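Down below are the structures I want you to see.
Consider the two complexes below, in which chain A is the common component and chain B and chain C are the respective partners.
Right, the complex of A and B next:
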C-alpha cells in the first residue's frame, strides 16, 4: 500500500492510499481538484500535470521522452513536472508528495 | 483502399520541409506539419495569435461572413483565461452521471431507430441526429430544439455549392439572437441564461459576448462530431474483429476513443495570425500573415507515433493533438470524448454487424494537397 499526498492549487491537502493503477486514476476517483485526466491516461491532454516535491523526485522517476515532449510547452512546467497518468502506484512511491499544477 | 481508411496527405512535405503552403481567399497560410512544431507554435500565443480579426484564424477564413468574435476561441491571454474560467465548469458537466445517463438514452434511441430502418444514411440520419440531440444536453435546452438544428443540415457555414455561405450562417446567428432574447425575458437554467447572468472582470457579459460563446459552441462541435461518429461507424463496418476485441476487453474502449480521434483528426488544422516576423520550422513568416497548426499532420508524425497510419485500438501512449494543444485546447473535448465512449459502448451492446452499401468521400483541399476528412454520404446496413 502506497500513501500519496496531493496539494491542490488552493493549498488543500489530500492523503490517499492505493496499491494499483496510476496516480491520475487515483486522483480522479477521489476528486482531487485540478486533476481531470480527460484523455483517460494516454498522455495526450496534460490535465493531470503535477509537480513532484523535489525530495521525492527520485521516487517518481524521470518522465519518458514522449511525456517530456508533452510537458515541454506546458505553461506551468517546472523541472519537477510529471503527467500523473504516467506514474504507476507501487510501494516505490510510498510517501510521495505531489503539487497539482494550475 | 478500404472505405474507412484515411490516408495522410502531408507525409512527404512533413518529412522534407516541415511545412506546407496553401492559399485561402488571397490570405495564404503556412501550415506547421510536425508534431513538435505544431505544439511549439500553439504554445507561443504571443507570436501566433488567436485574437485577430474575427473569422481570420478559421480556414477557410470567415472574415467575409461574420464580424462577431467567437469566445474564448478568438481571444488571447490574459482575457482568454478569464472567459475560459467562466465556462470551464459548464463544459465539464459531461462527466456527471445524470449527463451520461441522458447521453446514453440519446445514442440508444439513434441505434434503435437505425436498426429498425436497416438501411441508413449515416451522416444525416444518424450522426447529425445524435450530434444535435446531444447538444441539447450541453446547452441544457429542451430536447425539441434538436429538430430545428437537424433541419439546418450538416454544415452551419457551408452549403452544397460553396465552402462559405453567409445566408446559412445568418440562419444560425438569427436563431441565437432569438434564443438570447427569450432567455433575457424568462431566465432559466439553460446556457444562455447562465451566461447572461455571468460577469467577467466585474462586468456583466454583453449580448455580443454571450452570442460569441454560443456560436463557438454550435460551430466547433458540428462537422467535427459528425465526422468522428460517422468515421467510427465506417471503421467498425470494415473491422468486425475490432468489435469482438472491444466486447471481450471493454476496458480498451477509452484507448479506442483516443485512437479514433487521433486517426480521424476531425479538425484538420486551425489558423493563427503572425504578430511579428517569425519562423515556422525554419521557414520565415511575416507579421500579419497566417500560419496554421496542422493537427491532422502532427497526429501522423512517425517520430511520435509508431505505425502512425494504422488504427491501433489499444495504443497506450497517444499524445495526439486532435483537440488542439495548450491555451486554446478544445473546450468541447469532454463532451466529445463522453459521446464517443457512449457511442462505442452502445454499439457493442446493440449492433452485430454493419455493412457499407455505398459512400461518397468528403475531401478537403489544402493547396496542392487533398485530405479525406469524412463522408458526404455514407449508406450502411445495421444488423
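Right, the complex of A and C next:
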C-alpha cells in the first residue's frame, strides 16, 4: 500500500492510498483537479503532468526518453516534471508528494 | 448566476469518450439535476483506442481500461443506462423514445452518437466466415476468439488506414499471418502524406505484414471455414479471418429524423449546440467549425470528443464556452509511436527530418506557404510538442534550418 499526496494548482491537498495501477489512473478515479489522462496512459497527450517533490524524485524512477521529450518544451516544465501515467503505484513510492502542473 | 438546475434532466445519447466526459464535466460545472447516460453498447464505458492495440495483444482475458470507475458514477449521481437503444427524438415534447416503446423527458439533450464502421459493398461478404469490424469491445473479443479457434491464422484486413494498420501490427505480434489490401495506390492515403505512408510501409514490411496497394476487393468466396478474397485485378487471397477497416459512417440518423441540421455530421456552433437551443452534439458525430483553420471539419479522435464535451458541459450550465482546439491524434504500431498535431489538408510543402543519433525518430512538417499547418512525429515527442506550440502561435519557421538535422530540435532553433 502506498500513500500518495496530490497538491492541486489551487492548493487543495488530497491524500490517497493505492496498491496497483499508475498515478494518473488513481488521480482520475479520485477527481484530482488538473489530471485528465485523456490518452488513457500511453504517454501521448501530456494531460497528467505533475511536479514530484524533490526528495521523492528518485523513488519515482527514471522517465523514459519519450516522456522526457514530451516534457522538455512544456510551458510549465520543471526539473522535477513527470507524466503521472508513467509512474507505477508500488510500495517504493509510499509517501510521495506530487504537485499537479498548471 | 446560472439558474437552478436541480429539477432539470440532461439526457446524453452515447457513453463513450465524449458522452462520459460530458456527464462528469456537467457535475464539475455545477449541474444539479438528473444526468441520464445511454448507450446501446452493454459494456461498461471503456477507453476505445486500445481496442486495436493492447487489448488485442494481451494474451490473458481482456481487461478493459474503464474511462471512470463505477463508484464515480454513483458518487456523481450519473445514471448509466447501457444496452439501451434510443429510437426517436421528439423535439416538441422534449422526449426520447426507446426500442421497447417507453420514453423519457429531457430538458437538455446531448448527442454523442459517434460513428459506425462502414460496410463496403462486396459480393459474398454476407456469407463469408469470420468477418469483423473494429470499433467496439465486442469486436475485439470476437476477433481474438476467432483467432484462437483457427488452425491457420491467416488474416486479411481490407483497408490500409490507421485502424487497419494498428490491427495488422497487433495481430502480427500475436503470431497471425497478415495481409492488408488497400484500394488506393498507397496506404494511409486519405489521412497523411506520401512520406508518412512510406515510413509505415517500410515498418510493416520489416514485420512481415504484406501491405498490398491498388487492391480493390470485389468478391469473397467461402467454403469450409476459409475465405477467398478476390480483387478486381484477378488476384485472390486466402483468409480465415477478414477485418473491415474502410472508414466510418457517422451516426446522424436520430438527429436527421428530428430535423436537426446535418452536413457531413451533426452541425454545431462553437458551443457545441445544434440548431435546437436545447440539443447539443459532441465528438465524432459533429460537423463543427475549427477556429484555427477557419473551416468546418469533422474529426474522429479522443481529443475532439473530450474537448467538445467540456465545452458543451460549460455551455449547458450557462457559462461562456468556445471550442478552440488544435486537433491532435496518436497511433501506436509495434514499437513506434506516431503523434500528430494540426490538420495538414491543403499543404503545399513538406519538410522531413530524420533525427541523427536517434533510432527511428522522424518528423514531417506540413506547410502552406509559410504557415505551419501540421506535424506528424514518429518517436519524437519534441517535434510534437514544439509543433503544437508553433502551430498555435502561427510562428514563422525557417524551413532550411528545420531541414538541417545537425541543428537539434529546440524552441529557438528554427526561428
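The rule is simple: the second predicted complex is superposed on the first by the 102 of 102 C-alpha atoms of A that agree within 3 Å, B and C clash if a C-alpha of one lies under 4 Å from a C-alpha of the other, contacts with A are read in each partner's own complex, and residues count from 1 in each chain.
Methods note: contacts are C-beta pairs under 8 Å (C-beta built on N, C-alpha and C of every residue); 3 or more make two chains touch, one makes a residue touch a chain.
All figures in this text were calculated on a predicted structure; none of them were measured in a lab.
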Which superposed partner A:29 touches (first chain B, second chain C, both, neither): second
Which superposed partner A:70 touches (first chain B, second chain C, both, neither): both
Footprint overlap on chain A, comparing chain B with chain C: 36, 38-45, 66-67, 69-70, 72-75
Residues on chain B engaged by chain A in the complex (per definition of touch): 35-36, 39-40, 42-43, 92, 254-255, 257-258, 262, 304, 315-321, 323, 325-327, 329, 333-334, 337
Chain C - residues contacting chain A, complex: 47, 49-50, 65, 68-69, 71-72, 302-303, 306, 328, 330, 332, 337, 339, 379-382, 384-386, 389, 410-411
Complex interface listing, chain A residues touching chain B: 36, 38-45, 64, 66-67, 69-70, 72-75
Chain A - residues contacting chain C, complex: 28-29, 31, 36, 38-46, 66-70, 72-75
